[in-house]
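Report on one structure; see the data block that follows.
First chain written, first letter: the chains are A, B, C and D, and each begins at residue 1.
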Amino acid sequence: MQEYAVLVPLLPIFGFILTLFLGRKLPGQGSFIPVLAIAGSTIISVGILLEIYPSGEVIHQSWHWFSLINIGILIDPLAAVMLCMVSFVSLIIHIYSIEYMKGQGERYYAETSLFTAGMLGVVIADNLFLFFLSWELVGLCSYLLIGYWYRKPSAASAAKKAFLVTRVGDVLFLAGIFITYANMVKFAPDSQYPLSFLEIFRHITDIPPLQLTLITLLFLGGAAGKSGQFPLHIWLPDAMEGPTTVSALIHAATMVTAGVYLVARTFPMFLAAPHSLVVVAYLGAFTALIAATMGLVMNDIKRVLAYSTISQLGYMMLALGSGAVIGMAAVGIAMLHLISHAFFKALLFLCSGSVIHATHTNDIRLMGGLLSKMKITGYTMLIGSLALAGIPITTGYYSKDAILEAALEYGLGSGDLLPYLMGLFTVLLTAIYIFRAWFMTFVGKSRLPKGEPHESPWLMTVPLIILAFCSLVFAGAVNSWFGGEIFVEYVGRTFERMAGTDPEVLSLMGGYHLMEVHVEHSLLILPLVLAVVGILIAGMLYWAKKPDPESVVSPTNPIYRLLITKYYELPIIDFISMRITMGVAILTKLVERIFIDGSIWIITQAGFLFGEILRMAQSGIVRHYATAIALGTGLLILGLWGWL
Amino acid sequence: MNVDWILSNYGVLLPEAVLTLFAFAILLIGLKYRSVLGYLAFVGAVVSLGLVIMNFSVNATLLYNSLVFDPLSQFFKVVFLLVTLLTIIASIRYYHGNVHQGEYYFLLLIATVGMMFVASANDLVSLFVAFELGSIATYVLAAFDKDNPRSIEAGFKYFMIGALSSAILLLGMSLLYGITGTTNFTALSQMSFEMSGYTLAALVLIIAGLGFKMALVPFHMWAPDTYQGAPTVVSAMLAAGSKKMGFVAAFKLIILALIALRTEWYMVFAIISVITMTYGNLVALTQRSLKRMLAYSSIAQAGYIAMAFVVVSHTNVDSVVNLAMGGALFYILSHAFMKGGAFLAVGAVGYMLLRDRIKVDVEEDDIDNFAGLSKTAPITAFSLAVFLFALAGIPLTAGFVSKLLIFSSAIYGGLAWLAVIAILNSALSLFYYARVVKVMYWDKPKFVLKGEPTAYVVAVLLALLGTVLLGVYPGPFVDVAMKVAEVFL
Amino acid sequence: MIPVMYVLALAMTVFAIGVFGMVSARSGIRMMMSIELMLNSANINLVAFSNYHDDPSGQVFALFSIALAAAEAVVGFAILLMIFRHRGAINVDTINMLRW
Amino acid sequence: MVFTITISSMILIPFIGALLASIFRGGAKAIALVFSLVPLVISLSMYQQIHDPSTLSYVEHYGWISALGISLKFGIDGLSLPLLILTGIVFPLTIIYSWRLPYTPHVFYPLMLVLESALIGVFTALDFIIFYIFWELTLIPLYFVIGMFGGPKREHAAIKFFIYTHVGSLVMLLGVFALYFESGIGSFDLLSLIGAFSTLSPDLRNIIFLAILFGFLVKLPSVPFHGWLPDAYCEAPTPGTVVIASLLSKMGAYGILRISLPMLPAVPSLSLFVKILAILGVVSILYGAFLALAQTDLKRMIAFSSVSHMGYVLIGVASFSALSLSGAMFQMFSHGLIIALLFMLVGVIQSNTGTRMIPELGGIANKMPVVAFLVMGGFLASLGLPGMSGFVAEFLTLMGAYPSLPVYVLLALIGVLITASYYIWAMQRALFGPYNENLGEVKDVGAIQMLPMAILLGLIVLFGLNPAPILKLFEAVSVMVEVLI
């Protein structure tokens, strides 16, 4: 299938063009076109994965584009599994959307199709330029889709926020690319395409480690923007203004993981960059924790899931950061969680979409007792919640466990247990917030003001079931049932076939000590215990209502206030972004008024003033003219007399 | 002493002779047939112009070396005759039916003869006599519309200041004569001077006397009043032609004859030139009368031309002198077209206003009257716009090439500061020129004007042709100017 | 023989009187007279220098200038006459219709 | 008769068209369209036939003022050809755009054609005085276009534009004179003069370089010489604004690249001047962006964004890197397309809704979906979204400049961020949200005006995805420049 690899992103692009221009005239607003296109991509992706799986080979195709830039695809194990996940989840969600977005305009299908193309482009790009281009393309689609209901001011505003906040990350990423280029031309002048990943990997050892730290931290900044890492996470909760399917596809399963994928893609550079991985680990752990605390108090079901997404993305970063001790395996662990998260978070979002579809509200305080009316949605969402909480059998258990184990190894290996502890505590919070949401939605008495909710049609429930199935078995299947930690190892070996990516050499450069750390098995049970405790707490509070949650959740409680105001982040962010920027803008406006316009005004007015004054000399009286001549002549004679 | 001898020796005088002949003929014929006078004068000027051009590269002296005929003099004669021609064409309409037409054309031709003799003068006496001939005739011309109090006032001021300047000039000449004992330029130019108060006084007095004609500050004050008050055709003649008489006299007397006093006049002209251009431009900014604005603009232009004096006195490198003087000559030629054309275009508008009895008062050249002219009188408006842009030095017009030459000569001569001042002035001047264009092109018309007067249009178009030709295809004309300027080497 | 300096001083004094007259006069006639004074002071110079240099051209020049002065006076008075006709007076300070 | 393609015919044909259009008043529009297309056809066929874009081809040479060594000399290379193509694209599109607009046809269209002639002259002249003549000639038609068809403050704007840029040009002319006379080569030939520049005395070289640069910086315009820009852009009628922003500002950039850049290595205080250029570039980028952020007038905002974007050219020049230079050159081309689109859109918004103040708009996407789509496309292109031509230009410029000017590039990136802010902000306020009912019923753009804008957007995307056809010309030239240095 590899000869068709180019088609993977191209098919959705055709889908986009066809839907955009013909969709209006086609039945179902042409929603089947993207589905077919993405199905094609999925088939090719899976075919490629099966082809390269046994040998672990790397597909690389490249053509000249312009200047120093080539256009090319790079499919290694990392990209292959990511391709399959992206195209598959995208396909499922597109199918779900046929029903969910019925009658909302063909623009939606076109834009999601374009988004999928962009995301696939991010995955298979073989150079930073193409990567960045696709990266921005998905950002654009995210912007468009968040603002899909642009008549709503909140949607328009959320779209703006999403674009600008991720733009901050993009600019950091760009700076990283520039520095990479600068180092490549300096230390690898013969390289034809200095932005190609393979070229960069080949020359990592030529680049000074501190430069690499700078580059990777800037990359991390870009990743933080896209993947909602603190403090650039603020856009992601607001992004829930978009249709729920968009939240599921873009703001849970695929685009937000692009940042994680970026770190994974350039992992050799991180490994060779001193301190970078430590920063990654801390950033991930801290983000996981802080987002989980905020998720505790949200009443909008989608916002709960949004904070959960941020938190889980933090986990993935934590996994990558633990590569400081466990090496390339970290990539595999992060990708495992990335993919399982894609399944269960897409599932959770689609379930919430199904609920919202039925109840026409987002507020979980107005729901309750829905399980009896929406059995499929309720149980599939339960599976998703269990997976998120990390209960055994589900995919989340295996992937999250692996991360915490890696974090523990990192802690033991480097002597710094703080990231692990933060991650561990987050497990408890995760279980609480997701089951709080589930209990409030599905059990107890219905608090709906009006209307009788019904289960959603089959086009929506079938995807739920498929995703629920994946959430149940995926990680377990690939890891344990087929023997050993097969996925992690397979993806972890992704850089083996590329030149210049020997982990030993790189970690030496980065000053990391890769080692095998023996972990007490008894410690590995801890996350499970915490998860169960968390579910119990949520059950007691929100199912049994003992004690009544209202007694804790009150505006007078300072902790609640802290969380519900999101740590006062809005005033702070507002101050930094709006006040300072607008302050400078108004200052420049003043400078423009006073100095630029003012100087012109003064010059012209001075000219006129002088003109008016001088013309007064022209009195019209001939005697004065004679006087002027006489005086002028006299003065000239006297003046020159003095001068000569 | 047969005819052949006269012709071969005095043949160079033919243009002047023809013109004088025509002038007296007009005076006589004018007693009876008035309608042909303008055409007669036109023919006379054309014949004379033809004769001058035929004899362009002549080199002769006459009357004991008191008159010289060389390319320089012929060049100026061409300029004078061209201006006279334009004036005559426009006057055919302006003075149509006037009972005093005979006197008018007579004076016009005689004034031209005077100017032409100035161009040929090679002696203090001949210069003074020719200068007075040219001046006195124009005093009368300025006051020619004797029913119009403004015209009389213009003539009066012109006369008074002119007479004063003649006296000053004569005093300066007398001092010069006292110092050197000779009146001949050729002799003067070979003289070596001792630096003394007398030479200084003589020099400044001569510059003051000629500065009146050139309208250099502070000897300029008559000019705005006279140009504004005089009949517009006469203003055209004064600004485009008579002013050049001052320049040619100054070139001959100061650059050719008093070259030894170079260092003395360097400072005089540096000061005068800078003050003149700045003053002219600044005051022109706020004018409402178009003729008055053109007058101030004319003063500023004189300042630019006077840069040539500064450059020539600052250096004696041949190529610099050649470029500066060539530039000045080219400027004079193009200024004749631009300024003459501009005055005639303004005159055409004034004529239309008075003819259609839209304005019976005398403010016919107020800028408001030009509002929307592009719609009511397109040819005049377009031409005036071109003249104004040319005066501002916009490319593809004569004004650009003129400024190109004269400003570059300043830099060539190492006077970058002068060029900077001149260029800033040039930018300043754009302001008031552009304002007029603005009024003509995008203000609403106030009056309905019916038909542009043919004679004016012909004159204006001829000037336009000259302005554009010198701008688009300047090569040969520049070559001629540079060739003529070799006289100064 | 009178030293040329004396004559020069006389001429300059006459010229200065002329200039003063020109600057102070309110009547057109007085202005004309001042101009005549100035021209004549130059003529004095010319004649004196002619004598000093023993060169006749100065005297020729003076003759020419006298003739020109006459012509100038004619034109001047004609103009003054017209002014008088229009205004009934020749107070030159009021002739400032054209200014600025 | 065999018609050979020449530069002089390219210059003359629009001029002839202008004469015809002012004579045959009824057919002025059609004549203008046909004659404005001719340069595009000629430049495209030149593009087809050009062999080596790094050297001059189609050179023509006639005498003009032999006394001063001024001759009519024209030629094109990889730097000027894309600008000719840009000129050829923008003028016909502008004329189509103006088709239904109430401008007196026999006045407006000839002015546009004269402007096109003059611009082609600027981009092809190889003699300094001829260059200067065409340079100044562009002012006249624009003075009339702004003054006769412009907005409420048009008189002020027209005169300010005219005089301000004229002063800049005159200073440049002074520098040229000094160069000409001091070098003593007796010819105003552009390349010879630049070549002779290094023979002058060091102090003189500094002054001459600065004087010439000043003229270009005013036209570009670079902060702080942009005083003429806001009024000229805002008060000009839309076609005028399009041409000024799209092409006139490129004259400054072209001048810098054609004349100042080859002189730069011979300037004694090279490092200082490079620093000055880089600072001016960065300050323009940031200052323009912040100013745009502070605007509520859509047109004014875009005007300042133009200041910001032209700063990249200076960065490219200061970087001394072929990559960055070709990026900066491509920025000229790309910005020409983008800014033309943006100003056309603002014109449509103003004429259809009656206002261009952002607070008074709001939700117009509801009523004008096509305009909203195009605005979004234009804004995104202008803020440098990948896939659009602006991104390629900015990316190459900044990346190529990073090795030599790291700090400046990082500062410029802040400008990228601010640019995104004001465009996204404006889009949210003007296009999205509920429809502002105060606007009454508004119509979407008509087909005739949509056509040129759609073409422009298409070209922007086309050159964003495949910049190579134009970029390779620039690269050929910029590599030569690097060799020179």
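Some points to look at:
Following the convention adopted for this analysis, contacts are C-beta pairs under 8 Å (C-beta built on N, C-alpha and C of every residue); 3 or more make two chains touch, one makes a residue touch a chain.
This structure is a prediction, so every number in the text was calculated from the model and none was measured.
Of the two chain pairs considered here, B-D and A-C, the higher C-beta contact count falls to B-D. Of all the chains, the one whose CA centre sits at the greatest distance from that of chain C is A. Of all chains displayed, D has the C-alpha centre closest to the centre of the whole protein C-alpha set. Separation between the centroids of chain B and chain D, computed from CA atoms only, is 43 Å. Note on chain placement: the centre of chain A and the centre of chain C lie 97 Å apart, centres being C-alpha means. In this assembly, the C-alpha centroid of chain A lies 78 Å from the C-alpha centroid of chain B.
Distance between chain B and chain C, defined via averaged C-alpha coordinates, is recorded as 26 Å.
Multi-chain contact residues of chain C, defined as those touching 2 or more other chains: 22, 31, 92, 95, 97-99.
Within chain A, contacts with two or more other chains are made by residues 615, 618, 620, 622, 626. The touch graph of the protein chains shown belongs to none of the named shapes. On chain A, the positions that touch chain C within their shared complex are 615-616, 618-623, 626-627, 630. Touching chain B in their complex are the following residues of chain A: 604, 607-608, 610-612, 614-615, 617-618, 620, 622, 624-626, 628-629, 631-633, 636-637, 640-641, 643-644. In the complex of the two chains, the chain D residues touching chain A come out as 160, 164, 224, 226-227, 230, 287, 290-291, 293-295, 323, 326, 363, 365-366, 380, 385-387, 391-392, 395-396, 398-399, 402-403, 406, 409-410, 413-414, 416-418, 420-421, 424-425, 427-428, 431-435, 466-468, 471-472, 475.
Touching chain A in their complex are the following residues of chain C: 19, 22-26, 31, 92-93, 95-100. The touching residues of chain B, when paired with chain D in their complex, are 326, 389, 394-396, 400-401, 404-405, 407-408, 411-412, 416, 419-420, 423-424, 426-427, 430-431, 434-435, 437-438, 441-442, 473-475, 478-479, 482.
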